[in-house]
Amino acid sequence: MLGREGMDLEVKEFLEKVTAASGVSGFEGTVASLIREAWAPLADEIRTDTMGSLIARRAARADGGLAPRPAGAGPAAADGPAGTQVAGEGWREAGGRGPLRVMMAAHMDEIGLMVSKIEEGGFLRFTTVGGFDRRVLPAQEVLVHGREDLPGVIGVKPPHLLPREEAEKPYKMEDMYIDVGLEETRVRDLVRVGDPITVGYGCRSLQGELVAGKGMDDRAGVATLHACLQELARLQHPHDVFLVATVQEEVGLKGAVTSAYGIAPDVGVAVDVEFAEQPGLPEDLTVELDKGPVIAVGPNIHPYVFSVLEKVAKEEGIPHQVRVVPGRSGTDAWAIQVTREGIPTGLIGIPLRYMHTSVEVASVADIKRAGRLLARFVMALDAEALACWRWEA
Amino acid sequence: MKEETRELIRNLTEAFGPSGQEEQVRELIASLMRPHVDGVRTDALGNLICTRGARRVGTAGGPAATAGRPGAAGTATAEAGAGGGKKVMLAAHMDEIGIIVTHIDDKGFLRFGTIGGVMPHRCLGQRVVFANGTVGVFGHEKLDDPKDLKFERMFVDIGASSRAEAEEKVRIGDAAAFTRPLERAGNRLVAKAMDDRIGCAVLVEVARRLGTSPHEVYFVFTVQEEVGLRGARTAAFGLAPDVAIAVDITLTGDTPKAETMEVSLGKGAAIKVKDASLICHPGLRRSLEETARAHGIAYQLEILERGGTDAGAMQLTREGVPAGVISVPCRYAHTPSEMVDEGDVEACIELLVKALEGPLEW
Amino acid sequence: MTAHAQDPGRETHPGWEASANRETSAPPARGPYDEEAELLGQLSEAAGISGWEGEVRGIIRGQLEKMGVCYRTDHLGNIIAYRGPDDEHAGLRVMLAAHMDEVGLVVSGIDKSGLLRFRKVGGIDDRVLVSKSVLVGKNRVPGVIGAKPIHLQQPKEQENPFRAEELFVDIGARNKEEAEKVAKVGDPIVFATRFTRLDERRARGKAFDDRAGCLVLLGALQEKYRVPVYGVFTVQEEVGLRGAQVAAYAIAPGLGLALEGTVCSDTPGSEEHLQATRMGAGPAISVMDAATIHNRRVIERLVEVAGKAGIPYQLRRTTSGGNDAGRIHLARAGAAAGGLSVPCRYIHSPASVLDLEDVVNTRRLLVEFLHSLEEGWTP
């Protein structure tokens, strides 16, 4: 068993590794294999589903209090309508006793670019995969994943040659191209339309606990699941836990839609990034960096899940912040909640500055705190309480 | 292209079927498909599902079986698919864009809402037809500036001179589609509703030409694609396929000062990499590319910046389905004069036939 | 008739704690529509923004229990009631949906000064927010959304509407600490609109979209049907039809009918062909909207039933908007969709207006339609 220090180091190392790896939405294979390598020793079962999401299962430990369900046994297939009940009794059939199936999801894909055309001279035109602000693209370092990985740069016309009024406007997508510095014939040999492109830098340490790099959204969440898994490995946890590194979140929460359907969990929690304060953003839209993970509240969040998360954070003395998400959370939680007949869902946020740039800044301390919070959440979840939980009148 | 195929395309493009009112085109396709498949049925939303070489019965399990109307579902023989075959869902949407009547005024003019991506300026001078054959033309209120041309200032004139006369032919909620005959222009074909009757034509031809295949193939002619990939979504849930391939049109970048796009008319079948609705399964995409290369079928890779296809809906079905798209390059999409190249159409048919005859593995 | 309806002078009173849990000591129902007005008043004044539908759920549960109707509450908070044969698979399964949630606001932050920052929940036009009376949180703390006095504005300022981000709720707290005693981040905020009868038939209130639908659905569940009928009071319609999606998955209906308080613009400056519905002209039958193309056989059946029973109706004359039917008909392998709506003027604002006769006729048409469904009929 690792000591406290060892654990800490490892979360940061894990984060450095996975943020450096490429994993543009739809092309997550490289980062997935790194995560698989790290999680496999601690999981009872690990698999990749049809869409490519990585699912690590850690079964309930028998001496955690309850007998584990046989592997793979989900809730009864929901074929017909669920039974009706006597007036006023509320829902008491769903969970019942026994270990719950708890799904925790963080997406491993990152926003990126894709080759859309090879121009004369070997310059590459590109399209975006996920929501890039085109203003952050000029002069970025990129890696084009062709037959080989080719380093390149996003070129634009030099300011000297631009009319003044043009220089006052942001570059348009059609004015930008990628230059990999090779002859056209060589480019055509190595690159094809549809090849993914990653933008930006790997992880670098800033002062204190802060780190910067591309893909913190949502590798910070994946690192949180990693920290949680390490913590769970030391615990006799009473529930089955499914840690899911989802794919294609940035293009429409797709991995969460299908993996949640497949797992059919009793409870779901998504871990994603949350806007941290920075100049120019309204205070009530942001949280503080390095002051603990965010527990979200709003229509996307089941009140019972929220209450357990908050209670655990308070009892364990884990610094945390509460933020309201008034509607669409834009995270995997949004998809998980409406899977099948509906799943009680929670959302944990890792504060992050400069979201969707290639220099996203997060705090390793927040990640570790969130990991511990999730593990303790699993310990505190009560199947009976969830089954008897009644929506307030 | 054989005259027979051209006639097929003519009949399909000239058929009536705006989203939600696909009855006529469905009837036509059902009659074309029956000789080549083992079973034909229509599901709750109106998708036409034709099965060939199905080896399992009661395929989807659960409520899927109850959702479709009782029909010839699952009556297929175990002719194919003894070893390692897959359950393949092919989808082409049979609906087309159009308009729907929302108001009839005292003088008998019709006001309307749109079905799918119809643009005001593309309607000027056009004619529409209703399911019962009533023909109408577009008109608009007096405009000070052509930019003021908006649907709420436009109307359809069916030649009625009073509300009562109009109501004899048309009711609120009736849909109309553009009307235009198919024309040949060199090796190219021009018609309304190429999007996506050309996909329907490809599927019908594939059903005609397909030899032995290890796969259980579902030819699905979907409804309501133009209003949000709706039919494909429910059909895919019901079928729960192992692989899904949509056949639809894509845009091109080969006309004067067009948007940057790698696809050209006449350069072969387009194998989709990505559009706004999905990133195609890379393995399936590569498998289609290999099939094309192995059989010398011309193909091009496609990235479509805007617009989606049924594959986007099929991919997210249940636990996820590997999904891909074979696209027919098409100029002037969503106008009554959509143009495709005969060679491209043949390449799409050929590619799909060869893919289905192969192992479809990656 | 509700007490405060007879006392229009009190309408603008910021607090209405008494009204939500008011005793049933109101005078017994007398005139036509009094019964409907009584229950609609309760439903309308209850707070229930998307995700915080508790008060509405409480009223509906109370009604269902009084009626002796079976129901359950699912994981998102939908109430699913059942009316039909013992065998839930005997015949076409029908899902009726009316959403409990309304558009509103939620506290997103508290300033040092004690003013509350808020975010919108669901689609509200920023321009209707300013100068309104609101209630905050479970304890209905009264507050107001203030505005800069016109005297202090530059002439140009009035050309730009107030944006929600610039506005705040003033609950009278002198500082953050004082505000935190009665309000917290995540507290829902609703408009403090009192339900008011304008005359025998017309009424004004908030959230008729879709408490009018809830009232129609409660009415329809009074009767028993030959086919399995599920009455679902859904949550989170206004933030993306979320409740209906999971309820439809659970029920797997063959036909889904959404019951709505729908847009009505039979008002000055609105051209005839742009009026989606007309108030007082009976239930609006949907033919198509942004989320659904409604099933033609269902539309025909509704029209036929209305004709036979002599119930006035109108076809909804717009293709914009969308409701729960959009998710229901795409659940699992698909279902037929229908839509029946009560015309409501000024929906998604703090005060809307409807005609109680439309409510009654919508319920009548729905009930007649459900009774007309015999075993074996499919859309």
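So that you can tell them apart, the chains are marked A, B and C in the order they are listed, and the count of residues begins at 1 in each.
Quick note on the criterion: a residue touches a chain if its C-beta (ideal position, glycine included) is under 8 Å from a C-beta of that chain, and two chains touch if they have at least 3 such contacts.
All values reported here derive from a predicted model rather than from experimental measurement.
> If every chain is a node and each touching pair gets an edge, what shape is that graph: line, ring, star, complete or other?
complete
> With contacts counted as defined, which of the two, A-C or B-C, has more C-beta pairs across the interface?
A-C
> Could you grab the centroid distance between subunit B and subunit C? Build each centroid from C-alpha atoms only and quote it in angstrom.
Here the centre of subunit C sits 37 Å away from the centre of subunit B.
> Mind pulling the subunit B residues that touch 2 or more other chains?
63
> Could you list the positions in subunit C whose residues touch two or more of the other chains?
Only 252 qualify.
> Residues of subunit A touching 2+ other chains?
As it turns out, subunit A has residues touching two or more other chains at 78-80.
> Touching residues of subunit A toward subunit B in the complex: what are they?
25-27, 49-51, 77-80, 114, 116-117, 125, 127, 129, 174, 192-194, 248, 251, 254, 257-259, 261-262
> Give the list of subunit B residues in touch with subunit A in this complex.
61-63, 253, 260-262, 273-274, 278-279, 282, 285, 301-303, 305, 315-316, 318-322
> Contact residues on subunit C for subunit B in the complex?
252, 254, 271-274, 287-288, 293-294, 296, 299, 315, 317-320, 329-330, 332-336, 378-379
> Considering the complex alone, what residue numbers of subunit A touch subunit C?
Listed in rising order, the residues of subunit A that touch subunit C are 78-82, 84-91, 94, 282-285, 297-302, 322-324, 326-328, 337-344, 390-393.
> Residues of subunit C touching subunit A in their complex?
50-52, 54-55, 57-58, 61, 64-65, 68-78, 80, 82, 88-89, 93, 106-109, 117, 119-122, 165, 185-186, 228, 230, 235-236, 239-240, 242, 245-247, 249-252
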